[in-house]
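Take this structure, written in structure tokens, and hold onto it; I'll ask about it next.
Labels A, B, C and D are assigned to the chains in the order they are written; within every chain, residues are numbered from 1.
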Amino acid sequence: MNVQPPFFQTGATVAYGGADARSPLAFRWYDKDRIVRGRRMEDHLRFAVCYWHSFCWPGSDPFGGETFLRSWQHGDDAMAMARAKADVAFELFRLLDVPFFTFHDVDAAPEGATLKESVANLNAIADLFEQKMAAAKVRLLWGTANLFSHRRYMAGAATNPDPDVFTYAAGQVRAALEVTHRLGGANYVLWGGREGYETLLNTDLKRELDQLGRFVSLVVEHKHKIGFKGPLLIEPKPKEPTKHQYDFDVATCYGFLQRYDLLNDVKLNIEQNHAILAGHSFQHEVALAQALGVFGSLDINRGDDLLGWDTDQFAMNVPELALVFHELLKGGGFTTGGLNFDAKIRRQSIDPDDLLHAHVGSMDACARALLAADEMLAAGALTAPLTARYAGWDGEEGQAILAGRRSLADLADSALTSGLDPQPRSGRQEYLESVVNRYV
Amino acid sequence: MNVQPPFFQTGATVAYGGADARSPLAFRWYDKDRIVRGRRMEDHLRFAVCYWHSFCWPGSDPFGGETFLRSWQHGDDAMAMARAKADVAFELFRLLDVPFFTFHDVDAAPEGATLKESVANLNAIADLFEQKMAAAKVRLLWGTANLFSHRRYMAGAATNPDPDVFTYAAGQVRAALEVTHRLGGANYVLWGGREGYETLLNTDLKRELDQLGRFVSLVVEHKHKIGFKGPLLIEPKPKEPTKHQYDFDVATCYGFLQRYDLLNDVKLNIEQNHAILAGHSFQHEVALAQALGVFGSLDINRGDDLLGWDTDQFAMNVPELALVFHELLKGGGFTTGGLNFDAKIRRQSIDPDDLLHAHVGSMDACARALLAADEMLAAGALTAPLTARYAGWDGEEGQAILAGRRSLADLADSALTSGLDPQPRSGRQEYLESVVNRYV
Amino acid sequence: MNVQPPFFQTGATVAYGGADARSPLAFRWYDKDRIVRGRRMEDHLRFAVCYWHSFCWPGSDPFGGETFLRSWQHGDDAMAMARAKADVAFELFRLLDVPFFTFHDVDAAPEGATLKESVANLNAIADLFEQKMAAAKVRLLWGTANLFSHRRYMAGAATNPDPDVFTYAAGQVRAALEVTHRLGGANYVLWGGREGYETLLNTDLKRELDQLGRFVSLVVEHKHKIGFKGPLLIEPKPKEPTKHQYDFDVATCYGFLQRYDLLNDVKLNIEQNHAILAGHSFQHEVALAQALGVFGSLDINRGDDLLGWDTDQFAMNVPELALVFHELLKGGGFTTGGLNFDAKIRRQSIDPDDLLHAHVGSMDACARALLAADEMLAAGALTAPLTARYAGWDGEEGQAILAGRRSLADLADSALTSGLDPQPRSGRQEYLESVVNRYV
Amino acid sequence: MNVQPPFFQTGATVAYGGADARSPLAFRWYDKDRIVRGRRMEDHLRFAVCYWHSFCWPGSDPFGGETFLRSWQHGDDAMAMARAKADVAFELFRLLDVPFFTFHDVDAAPEGATLKESVANLNAIADLFEQKMAAAKVRLLWGTANLFSHRRYMAGAATNPDPDVFTYAAGQVRAALEVTHRLGGANYVLWGGREGYETLLNTDLKRELDQLGRFVSLVVEHKHKIGFKGPLLIEPKPKEPTKHQYDFDVATCYGFLQRYDLLNDVKLNIEQNHAILAGHSFQHEVALAQALGVFGSLDINRGDDLLGWDTDQFAMNVPELALVFHELLKGGGFTTGGLNFDAKIRRQSIDPDDLLHAHVGSMDACARALLAADEMLAAGALTAPLTARYAGWDGEEGQAILAGRRSLADLADSALTSGLDPQPRSGRQEYLESVVNRYV
């Protein structure tokens, strides 16, 4: 293992270059100090680079091995490799000037021969992170524990048929949560890795849901005990790696949180690619989470509409992002959440610069979408027609119905006696789509 | 309009003919008085013929018109046509010897020029049904109101932006519920027809969910007021006709019922085709509904795994049905629910006999699957390995965890100090699949 | 039947208003006389309004009836209704100032009691079209025959198990082709409506393919006989209305045209919604058709990425269209083809203005995408990197291989003796995606 | 590396035990010497165990590592590991008593530091295979070269932008083809691994198709040169690992083979999981390949209807298999092809016995399906109605049309003058589905 610093050919931080900038290493839209709705763009978007895709994944897929040949992924001294990886990671954070990063325990530090050793490794790297964060001013959006890669978790962690695996997972999560706490993490994430099933032939779904409810409750209790203030975040995903993941989508997670009385402490981390795998638009998942009061944070990436697996590509689609950010801004924007790049460069993108270009291009697409969303919102382009459309419900009778002051019989009698014959009004979908096209 | 009775060429009730019967008008597996787990097969399966597909649909699709040319669908006197339709319907019920049927208000009786007239028409046909039911001993599994075909409902019924539409729908539902009650219906169904959206550009999702919650609550109150004992059933469907239906799947409906405090009065009517459109197996939806305590009834049909719309074909797949009925029997079987044929013959199946062959073939497939499920259950073929797999959770420590007697720190400490290293055990999926193949 | 002209509230032709125009009845990008790559925009885009969606469809779907209540769709005198429909159609052509329209025989004129009557009706309306076209200067992009709506075609037209249906279809196609010819149509389309199957249980796929090959061959012969110069166009679609359509996608149609020796006379009409239903991007289908020499024309619309049926929405997605038009311009643009709006307003878009807004919005999106494509092409933004990427194949050895001057053994020996160890080069996908974002 | 023979706990060859056998290590339906349509079952089904899934895959997936911990996959001496793997493989062949196996070059022997070394390794293992095959009487169904796992192939092999990669691939294929030849392989397979694209932004689709055509032509020439008699087989797959694979489906491959004049020498190897990923039923792909004269062999496995990636599960679905084998038997059965288990046990199936149970269960499902297909065919259960349905085409006029003795005008005139009004006949789908249920 031998990192020849610098890994990246450029040493200059990517900066805003104006809309006509032609360099792939300049932002055309992301101008971090520009004020949008009273906040700096950086504080709106709260970008985070993730550790796993950008520094741990070697470019492999189910049909082929490593393509990237990163020096820090090869060697005999796992802790030295982890430190070299951290050097490259913080170099990328600096070049991109992002305010946040995110990591799993095993992304940052190698697993040891025992849980004890793993925890020790994690804490040693956390020491290093503390130093680097102090120097760099980059913050931790969230930390998490990987409860799905090791073979002990092949049948789930909290939902494993073997309670010993649940117990082992508890050990890993406590350590990851405490490290997240001491690094000042804004949130803690519980992604349900293999919490799901391959076949109902060997699965007791009801037991497993109860196990999962118990596990999340334990983490909530511990979070309070240690004084961690940020929310826990669970991340909806419908399938992959398991055939059926228990955290299928926003609606499913909401039902789960209600069932196990977790709504006060747990919010959702929503990912575009997971949304479409579940048959929903990204906008739907965000709007629903806001409607149900469980919106937390976003994994910003994109799936391929024609493929059935999680491609985790960098988000580049401005029209789609603009509608999502319109929902976000309507809801007041992020509190503890942010835009985490749960996105990986394609396995053919083997040059160091590809890592830069991908982040810069996607940050720019997000910035442009944010500006478009802000303009739409400021103009009431979509909100004014929406209010008009539902005006009847704001009237006296509408409010009486919603408030429970009308029974079914009241309404039925009223419809019968008045000879009610409501006339439909145009939904104006094409007009509204054209309006959006003025802004994006 | 001119029905030349009899519509069907045969006048003989289809009977059990033994496994070697070759006639398409004999059952090979459905032997209604055979006792399975202490119940007659008829009482297990509780088959219901549905009115809409079998007597109202003319064979049209989005690219073509009528193919069936049913005499009772042509004429000037709508009420006479409705009575002729009822004659054919009860003739089919008799030929198939099914214990139940189901209908929407507008399937049974024509809409009038006003709501008042529509309600009168419905009650007139209900009078006819009462007579025919008394004579035939066929019962009503459930009734429902069609809140989606008329243009007034193009933007939803309860979730319409116009409260007048909500009010009109209340008038229609009260009438349908009361007719269902006087006909002795075992359940009342609320399928969310167009309760969903086409585009979020013109939709306030949060308002609409609240409207829907209010509407279902009103129906619950009215049901109690009139003394209707059966449950209300909502029917999950993810899409079609709208792009996004609010009753997406079992998990979504469960969250909705919790949110609006409806779990005591409302259960689910689960359909195979809707399950797969939502990305779930039929078995999953049934198992989940049972786990969450919201299982009600089944719309028995099948979708095409390779098509993206609701094909509503007759269920013929014995291996799939056997696993579903295995879940059903594990849960104790139906209470008020049953197997409703929400299935239509293909539009090329234009002969009267096709209606018979479809029902007979599917009833037989269900019967055979029920027997297979019973045998698997009796042998513990799947249940014994399942219990063994989770045995750890039935032990002292597993129970202590589930009962909340262990904190995260307790478990973490235990894992650390014991040097816990849980070893995975085979999931044996292929073995279990082979076992199932012995029974189906 | 009683059309109160004018149907549309505005009488003014939609005109280019500049990028800042705010009226939904002004173009912001479509400036028909603007020269792009030496051609007027109008001549590049060759927009055609289609008859069926805009003037014949009543707003129904499988779960509900008419919503639009168009006056010309109601009445007793079918020919008078057809003439009234033509009035509205030509009014829309005028308001939009489109150069083309398209129609099926049965869109334009009512089916009669016999084929003879149907043909007479068609010719009578064609007389009316001739007059109107002369006055309006709108031209016919293509005509076609509807071989799928009537119940005689329920099992296909050319691929029907009954040769009488094939014969009837021949009668209908001859009339439609001849009408298209006399109206100066630029192409003639053969969409395979129900040329496919519902189940292989009742289908002889090999026979049906041969029938279809024969039918298209007959139309080719007839086209030559009457001197029709335009190409025939077949339109790939994978499914719907049948479970499996024989013209599945571009590659399938290409194999079919080769097999039946039709490559000289038949090209393809490619639709976005059909592309994605087949699992392909629109860009893929266009690029493949060009590579295989079968590119003809485009049905410009869009499907919903999350729905499994043909939604035929108006195309509004500029980034997607820009890449498609980039392929189109690389290939030299349209010859006889054009952009046909095989797109329907949503069934909730019940106002006359919705028809205008939909077309204007989509024409504008196309115009903007054309300009972006032109700029990318002029700058070599995508073409220059592509040429560089394949430079090796333009070298001596690459050309020798492609020309067949190297055997497998030659190459194998060369690889072995030279110790060849080719090094991969970055695919730069994220960089290229960011580049595209500069233009759209 | 240290294989403690025997890997499997049983040493006894699995044998036919009759339909009531309860042991998972007995066949209930597969009775290899039973005569079906004049052939032994073994000679009909021609089962082959594949090397890659069963002996090379460690149980990893994109979210987790090795679960199987096979001893022969760990060690320092790659050739010793390859020999140990061969011992286990031939032990499994013996236990299952299968007549065939299949392998990729890199499954059998480790890649060396150079192509030369790789070829030498392959030939050394081929020597070992020769000895073992002589002793065991197991034969080679086909061999193939892996042109997709190494990073040099990340952008394709024959379709790589770099001709050096094409050349390297030629070296690998020559060696694999020659080894297949000397081992008496019945076919040689060319699976298009990464012959496809990730994005059209960096892909010249037309160039790449020509490259692929050239490559396959070179292999055809070499096959003739060395006297290899079996066909080449290409294997349709629509996506994965690339976003778009050039060998999308049967129809696409057929068009490709026509275009590059390869129909005489190349047939298709069709896989169930690839069929459904392309939107086709397995039965469709088999029927189409037979209709087009390109049917070769089958990769027998199954995908998950609700997942969008290649799960390669063991085929267990008797009703589906019965219809496929019905097509197969109608076409005369296999010539050089067979049923290759391109199927992997789930990654939780970590016991040695799981490998046995999976193969035994699937062999049995195939055998049972073959018997059902034979019975249907013998009874004319499906073929007789099919012949009747198309009888019109066997009549004089039908034959005249197909033979080209009728012009479009002839037919049109005939339809007009006769007042032709063809009446549709029932497709009887539900009846036919019920008929199939009698046999499976």
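The rule is simple: a residue touches a chain if its C-beta (ideal position, glycine included) is under 8 Å from a C-beta of that chain, and two chains touch if they have at least 3 such contacts.
Quick caveat, the model's predicted, so the values are computed rather than measured.
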For the sequence-identical pair chain A and chain D, determine the rotation angle of the Cα superposition and round it to the nearest 5 degrees.
180
For the chain pairs A-C and C-D, which is connected through the larger number of C-beta pairs in contact?
C-D
Measure off the straight-line distance from the CA centroid of chain A to the CA centroid of chain C, and report it in whole Å.
39
Chain centres from averaged Cα atoms put chain C and chain D apart, in whole Å, by 36
Two-or-more-chain contact residues of chain A, please, as numbers and ranges.
67, 151, 154-155, 198-199, 239, 279-281, 306, 346, 348, 350, 424-425, 427-429, 433, 436
Considering the complex alone, what residue numbers of chain C touch chain B?
59, 61-67, 69, 148-151, 153-155, 193-194, 198-199, 239-241, 243, 277, 304, 306-310, 346-348, 350
Chain B - residues contacting chain A, complex:
114-116, 119, 151-152, 154-155, 160-168, 170-171, 173-175, 198-207, 209-211, 214, 217-219, 221-222, 225, 238-239, 244, 248-249, 251-252, 254-255, 258-259, 278-281, 283-284, 287-288, 290-292, 323, 382, 385-386, 389-390, 392-393, 395, 397-398, 401-402, 404, 406-409, 411-412, 414-416, 419-425, 427-429, 432-433, 436
In their complex, what parts of chain D are in touch with chain B?
22, 24, 28, 67, 276, 279-281, 305-306, 314, 316-319, 345-346, 348-351, 353-354, 357-358, 360-362, 364-365, 424-431, 433-438, 440
